[in-house]
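What follows is chain A paired twice: with chain B in the first complex and chain C in the second.
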Partner chain A sequence: MKKNTGSKIILYILLLVVLLWTIVPIGWMLLSSFKSTTDVLSTTPLVVFKPTLANYSSLFFGGNNLLSYMRSSVLAAGISTIIATTLGCFAGYGLARSNFRGKRHLAFWIISTRMAPIAAVILPFFIGFTFLHLINTIWALIIAYLSFNLPFAIWIMNAFFADLPPGIEEAARVDGATRFQTFWRIALPLTAPGIVTTAILCLVFAWNDYAFAVTFTGPGSQTLPVAASQLITQTGVNWGQLTAIGTVVALPMVVVGLAVRRYLVRGLTLGAVTGE
Partner chain B sequence: MQSEPVDVRRQNLKPARSPGKKRGRERWISSFEARMMLPALVILAVISILPLLYILWMSLNNVTLLGGAGITSRWLGLGNWARMFSDSNVWSGWLVMAIYFVATVGLEMILGIAIALLVHEVVWGRNLALSIILIPMFVAPVIVGLLGRFLVNPTYGLYSWVLRETGIFTGNILGGKVSAFVAVVLMDVWEWTPLIALITLAGLVSIQPQVIEAARVDGASYPQRLWHIILPSISGIIIVALLIRSMDALRYFSIIWQATDGGPANATKIIPMRLYEVAFRFLHLGYAAAIGLVMLAVSILVANLFTRILRERGLAG
Partner chain C sequence: MDTRVSEQAVGGANRRFRPRKAPGSPARERRTLLYPGLVVVGIITQVPFLLTIYLSFQSWTLIRPDLGRQFIGFGNYAQQIFSGEFGVILVQTLILSFLALALCCLVGLGLALLLNRDFYGKSLIQTLLVTPFFIMPTVTGLIWKNELFNPSFGLVTYFANLVGVNNFDPMAHYPLIMIATMVAWEWEPLFMLVLLAGLQAISEDEIEAAQLDGCNRIRIFRYIELPHLLPYYRVVILLGSLFILQIFGEIYVSTAGGPGNSSMNLPYLVYQTGLVGWQVGAASAIGVATLIITLLILTLLLRTMNAVAKED
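Coming up: the complex of A and B.
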């Protein structure tokens, strides 16, 4: 019994170390975002200080304010998520229910599109968008985000639909429902958690993108991650504002991401691993 | 939505056919399933096959940008490819990439599995602990890079202060080649270890508790149970985690971009950073396309391994 208690203590000490490693950077970002400029630039780190909202107020109400960046982020990530999830539901169902010889190759083509390195994809997209005069518009980002979110959504929804017991849909067919009605009224509602997970992960991937955003956008269509990187200038870095933007970018994604924690494994492994 | 050809063999069964049953290929093309997939596949074809053909063409040309929206190109044949194979900068980009890949993915696998084993043993506070552990995954890589840069700033950084006060490291972390490399590796490890832990934990949860309990009753110690029962039963899932992480490791480069921009002295300039620099700083888009195609080939290779594993696990195709 004594040995058991000892190993339990070690267990929780190790857990504490892991939690500290995880939380200190985030906690420090949060803390620093409420510090005044002098407190951020203190050479000995300050844990006790007089909190201020100055960083946030200058970000949202200052000269070059964050609202237009935020609008671009919400639009680009939101629209690409809606398109990807909607089409992904249809195509994922079609893929899950079809059984033809080339299916393997079709599935592989879809997944390899999702996995293409961003740095390589940027090149033809950049030329294409330049040619179509889409550079500096939100549409360039929406299309670019579809390039990884659409194949992602198809794969995940395919996995979720493949999980449904076939009996339920067969029963609906016996009752005279068409294929589409079966999909729309039976399969779709049953995979609601899957759809929400897919949408949230699409949103996170698009919202967190930097490489596409910094290459394809100009003033007026730049997103929040670009705004964050612009605070690093030749003359110096406003760390207080930077930590505030960091919080604004990270917080919503952490909240929505943890909201679907149960289904995350399924989503992040592209359907390969089933969660709890 | 009900105009599909009638399957004669199954006419006696009123509900046409059960989902997922084998059907002929020519029937599939005009089937319900194909029509469901059509909109997505058309869009996907436009945004993946056209760019692929275009990047192939680019790699055979000297493509440069003019001011405004003009692009000029001149046929080069295999010129870009020949240049790439003799370019020591590209080779060093791949070398740094290889070291970075092994260091980050290796550490993430070891720590992720260890954390999963740890959390699996925890009873009290397990859900809360897991939620906290997962947080870094959702933070944008750009923010991770910038935050890392803040934490190791030689004057105001929390972590450089800790290292200085404890006497472990007193220099400018991002100023030294080795320390900068270690720093960006740890930033990547901070962000992506949770993913491995999450996937591994799903594997651990799926092991029958009776199996482990039986071994415990038979007197097997924890290391014995780990080595002979736990690890073998989750090896498939560990491989899935490794491949998922490998594919993403080839995709993203924003952490390094923000933290060090490839410096100091190219110590952290992994191949995608080199590509981006060639394309958008030196404006050699055709040459960058050749580098990009090699990256694409590597990622397709990994994706191929991934789908093969999935098929073995009976999950795709």
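Coming up: the complex of A and C.
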């Protein structure tokens, strides 16, 4: 209390250091994306330079239009997130509100399916998708993303529903609500932060996937990460465009994530107390 | 059990219109909700996985069609798992994951303690601090490798040269540490958020009482805050290690596992064997082994943390 100013100064210095470590990588990418090719490669880091939109305009209006990649990314990540979250809510509730022998084993089995390294299931998926004629379609990606997001969604929603005191639902039952109504009208709204958290995490994981996207997609269904990788292999590396595409890929997730940050905090702690 | 499963799964939608013979137990009714998700998980995760197990018993190299595909039993396991390479990479996976997790725990705690105080611009700073979590792993790798640590035009390289460090190329010299740092950079916001929420859940009265009793800051941390944070740590460590044990994108774009194998982890080895070397059988065997090891590690972690939580 007396050494208030001293500790304040230390606090601000620490904050500054931490802010630098967090922000500099992102800020530098953002800055580079507005630089001309020669400025990007300058050995003296340029903070003051003539900003140009050339990188962005060649991304969006150049030969390889980014919009179709964007569409695939939005569709694949969006649809798989919606399916995963919906089924995750149902199954998570079912798991949390029922008691049977082996329930803990079932819960562990569900999350254990999330632990297989992606590379190990890429080939079986590839064989299966070829067999079903799904290769090069958006559905291959949706199914592949579901395979890692759905177990996760069920597991985390289970923790959220288990955290909910069953008394409220019992009261609703006494008042004549059907079982589905208690789930739909009572349990679901009460876990809204949990649902938002689950959806956001699923969305981030699907949006950010590279390994599946590069293997299962063709010209019509390639996603943004694939577009980024094409910049590296075609004619040397175009650093300027690469930073621009990095920004384009990151921006939607950052915006969405920060918009629901409050939910995320509440959601993650809800699960923290009971999470197995 | 099986007949009940199919009956409920099919009749779930219109069960209200069917006369019920006996009032089913509430638990059983609620379990109906579980089946759609469970069935989908079962199909989309277990079918590929069973196929992986099947392939792991085959000798099959796609770029050598002349050799064909044949059943060799545990041959792949014997060859791959007991090779020196697998052991080395397993150890690297553990070091990498442990380093990243430890960094996340420390930095996350530090940030949470900082953000638990009041200062100017707190909301904005907290927002900025969360951002790395939403950056794509491959983009993270690109930023760190090319924007910050590129030997000729990287930002950090520039400052290293300024203070007289020559040949500054940590990506080549300390690849494991660099990847762990990168991963920690991405995941530390999650740790921060959860731990901060844990700190905010501590009642102010408790801390005030301790202060009145003469506890200093360190003692408050040791005897009030830390024990209170343990369940939060448990969740975030489990969640974090689930993903950190599997990192791939960061390695792929920054070091590609090199130099040599020195920055490879097990998932990357699976990729390298299967999708670069096209040894499908061998890669599947490594994949299965990786899954088993991951399961063991997480179970062990869970046990340990539960034991610690009980002790306290």
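Methods note: the second predicted complex is superposed on the first by the 241 of 276 C-alpha atoms of A that agree within 3 Å, B and C clash if a C-alpha of one lies under 4 Å from a C-alpha of the other, contacts with A are read in each partner's own complex, and residues count from 1 in each chain.
To be clear about the criterion, contacts are C-beta pairs under 8 Å (C-beta built on N, C-alpha and C of every residue); 3 or more make two chains touch, one makes a residue touch a chain.
If you're wondering where the values come from, they're calculated on a predicted model, not measured in any experiment.
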- Put chain B and chain C onto chain A via the superposition and say whether they clash or fit. clash
- Message: Going by the contact rule set out at the top, does A:T44 touch chain B (first), chain C (second), both, or neither?
- Response: both
- Query: Given the touch rule stated above, what does A:L30 touch, chain B (first), chain C (second), both, or neither?
  - Reply: neither
- May I ask you to decide whether A:I135 touches chain B, chain C, both, or neither, giving the answer as first, second, both or neither? first
- Item | Touching partner for A:V74 - first (chain B), second (chain C), both, neither | neither
- Check whether A:W21 is in contact with chain B, with chain C, with both or with neither, and answer first, second, both or neither. both
- Both chain B and chain C contact which residues of chain A? 11-12, 14-15, 18-19, 21-26, 28-29, 32, 40-45, 87-88, 90-91, 93-95, 97-100, 110-113, 115-125, 127-128, 143, 146-147, 150-151, 154, 173, 178-179, 183, 204, 207-208, 210-211, 215, 225, 228-229, 239, 242-243, 246, 249-250, 253-254, 257-258, 261, 264-265, 268-269, 271-273, 275-276
- Message: Looking at the complex, which residues from chain B come into contact with chain A?
- Response: 1-2, 4, 14-16, 18-25, 28, 31-37, 39-41, 43-44, 47-48, 50-52, 54-55, 58, 63, 65, 69, 71, 115, 118-119, 121-122, 129-143, 146-151, 153, 155-156, 158, 161, 190, 194-195, 198-199, 201-203, 205-206, 237, 240-241, 244, 247, 250-254, 257-258, 271-273, 275-276, 279-280, 285, 288-289, 291-293, 295-296, 299-300, 302-304, 306-307, 309-311, 313, 315-317
- Provide the residue numbers of chain A that touch chain C in the complex, in ascending order. 8, 11-12, 14-15, 18-19, 21-26, 28-29, 32, 40-45, 87-88, 90-95, 97-100, 110-125, 127-128, 143, 146-147, 150-151, 154, 173, 178-179, 183, 204, 207-208, 210-211, 215, 225, 228-229, 239, 242-243, 246, 249-250, 253-254, 256-258, 261, 264-266, 268-269, 271-273, 275-276
- Query: Any idea which chain A residues touch chain B in the complex?
  - Reply: 11-12, 14-15, 18-19, 21-26, 28-29, 32, 40-45, 87-88, 90-91, 93-104, 107-113, 115-128, 130-131, 133, 135, 143, 146-147, 150-151, 154, 159, 166, 169-170, 173-174, 178-181, 183, 204, 207-211, 215, 225, 228-229, 232, 237, 239, 242-243, 245-246, 249-250, 253-254, 257-258, 261, 264-265, 268-276
- What residues of chain C sit close enough to touch chain A in their complex? 16, 26-38, 40-41, 44-49, 51-52, 55, 107, 110-111, 114, 117, 119, 125-140, 142-144, 146-148, 152-153, 155, 158, 185, 189-190, 193-194, 196-198, 201, 231-232, 234-236, 238, 242, 245-246, 248-249, 252, 266-268, 270-271, 274-275, 280, 283-284, 286-288, 290-291, 294-295, 298, 302
